[in-house]
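Labels for the chains are A, B and C, by order of writing; each one numbers its residues from 1.
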């Protein structure tokens, strides 16, 4: 298991490196980029850029400097706001985004797994049909639309919950955003769980477990859930990146102070520095999460460890 | 040896299909004595596995069983699942047809083995694992202590089959149902397994039901046998008598198509034609389209399972001599 | 936002199956799947609805009495009113919502089509080259695909937005350039099997150049995978488009798209609900249908599931 973990970590390094390289060259070579002479940047920003990227050096040298700084945790400056850096943005926005995405992730994964199991055990009975419907809505309605509709219903008409905005520490302000974020994720998880659970419940080894007289509850808990989770776990990685990127929209729509809001603003202002720094940050987070998921996968499916 | 441990009365199994139903097993009757070995033979699809799965309460969702399966004074058919769980695994255990897929790939062997003891004997985990390791040793698994920590995919097919056997024997059940326990194995391992069964039934006094296609296997180990065709029992009796003097043409056909046994015929005679589809069983005797001895009555009327001399039973109207030479 | 149709899983299964069969059987696998699809009621109804929506988006504008940018000064912010020909009502500027929704649908479909075509072309070329040349070329090329898979798609999209700014079609050409990965994998697998076949060997022995062989012998055998891929990709791009437009990063005024319309409708939904509901209804119907078609395709390709 440990050697498997090591191998996975090592294989993630070149991926990270290539990702960084791609990002650097997009930044440097993009048409209409900040280094493009036609774009008028405020002179002090241009001076910062010159200093930061050592524009008088050759391109490979600039690349090395860029990587070197990244290794020291420096994700670069804004190209629009003088003196503002990606690290500032992370300090301001990241705790919020992470809290929101993680709570949505945990809630949605738990609900999805349980709902999928209930549907599988009651295949083709009413709990199953209800789930299929809820899932279909979750999968099909894009989050910005569900956000708008929920705001309208619960915030404007019913006035049960705040339609948007943020008051520090207020949980009610988080209910709608987390719901919007969690719904599609829970829907996909439960869909996967339902399918794999139905499959597992029909396998010979579950029949063996039943033949031992363990009782249905133990059969489910010990024999069925673990193998049924395998496809679910393999979706957790991509699922989390959808959640993190979905939080961009949700923060924007609900006016919440996370990275997403600044990120979108930066994109609208064509602030390459912020956009790229944030992208690289997300990439690292996603790579790390995928590693974690791989470990979980190896625990669930012992065969994987030997590959 | 006259202690009846299981008696089956009018056992039938029906599967619901979308538009129709399939009767996989019909009106099966037999009883099983302590310590004896009974073989159940028949072609693929004749209902062997489903008959015994129904006794274990393990039919697929679309299946239902009727009739009675008396274990002592408990009727296993239609029994409440919670009540059934106190019996299966403990008094009656089953080894399944396919050892490669019948063990849980995500759990260590010791977990899968010990849980039976924890559930039925109330052992704590450590004790249960020690017992499990002992049992692995008895079924001939080398380095059982180490193997107990392995996952199923680390074992060969033969080893997995042994694990299945060990698992079934852990609680020393009164009845062991072994569904084609040797088909997945190569010949040498097959022989070892059969020896193992023999010693184990002798040691534990377990009644063994051996489901198989292979009459060569039956000859070696079974006291009695039951021949199934199209979901019904067509002949049953003591193994030696059925072998030397089969009274049902289908039994005869089976014997003739088994290499080791077909000594009395000059050549191997496979039974002509294909096994019937359960959805469209022919009228009259379901074997008649493939039968060399069939006559008018067989086309119209289904022969009931009726006693012949010597405690045997058969379901056939034909009473004349039965050799292939007589027909050819 | 990849994934509403579970595209990768469906296509990978399908590709694995194709790889195990030789080409003629592969073709009949595709034909069988199509036949099963035709028997699936939900999928058929969805296909018909999608066709109707597409037709309405293309020819509808010619039959609507109002142009999408035309202002009706007599009815501003009016609910649906058949007598004036405003079936879906009007917006704050007095523009006919039906005309705008049709126009928006058209734009959404166009960008989805553009991105899908781009991704198919890149995917086919990339996959065929990797598969045909094999060996080290293949290993390096496919490793690159693996890496791309690991990267957050939507962030790249936003980088593209920053680069291509205000030109939606160019933007979606760019998005197509991100979407081709799955297609490349499938095409590579197919090419690996196809290149062992006699007609390819014969062509090679006859001295045909690699690219001639790829174009003439390999690409024509890829119709099945391409159709399935396209069906599953279009809804993903539609979602991406509406998402970007909603955030103000995609299609801009006076042009319009479903996402743009929703983003204008959402803030005023309390007083002018038709401005949100009309485009939202079309978007959801379209996505729902495309999802059902995707589900139908999956079942058709994997009949044991039922």
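Convention: a contact is a pair of C-beta atoms (placed from the backbone, for glycine too) under 8 Å apart; a residue touches a chain by one contact, two chains touch by 3 or more.
What you see is a predicted model, and the numbers here were worked out from it, not measured in a lab.
With chains as nodes and touching pairs as edges, the resulting graph is an open line. Farthest from subunit A, judged by the mean position of CA atoms in each chain, is B. Distance between chain centres (mean CA atoms), subunit A to subunit C: 23 Å.
Centres computed as Cα averages put subunit B at a distance of 55 Å from subunit C.
Note on chain placement: the centre of subunit A and the centre of subunit B lie 53 Å apart, centres being C-alpha means. Annotation for subunit A: no residues touch 2 or more other chains. The part of subunit C that touches subunit A in the complex is made up of residues 1-4, 144, 146-147, 150-156, 158-159, 161-163, 165, 239, 242-243, 246-249, 259, 262-263, 265-266, 269-270, 276, 280, 283-284, 287-288, 291. For subunit B in complex with subunit A, the residues that touch the partner chain are 56-58, 60, 81-82, 84-90, 93-94, 96, 98, 101-107, 111-112, 115-116, 119-120, 151, 153, 164, 167. Residues of subunit A touching subunit B in their complex: 202-216, 218, 222-223, 226-227, 300-303.
Looking at the complex, you find that subunit A touches subunit C at residues 14-15, 18-19, 22, 26, 30-33, 136, 139-145, 148-149, 151-152, 156-157, 188, 238, 241-242, 244-246, 248-249, 252, 263-264, 267-268, 270-272, 275-276, 278-279, 282-283, 286-287, 290.
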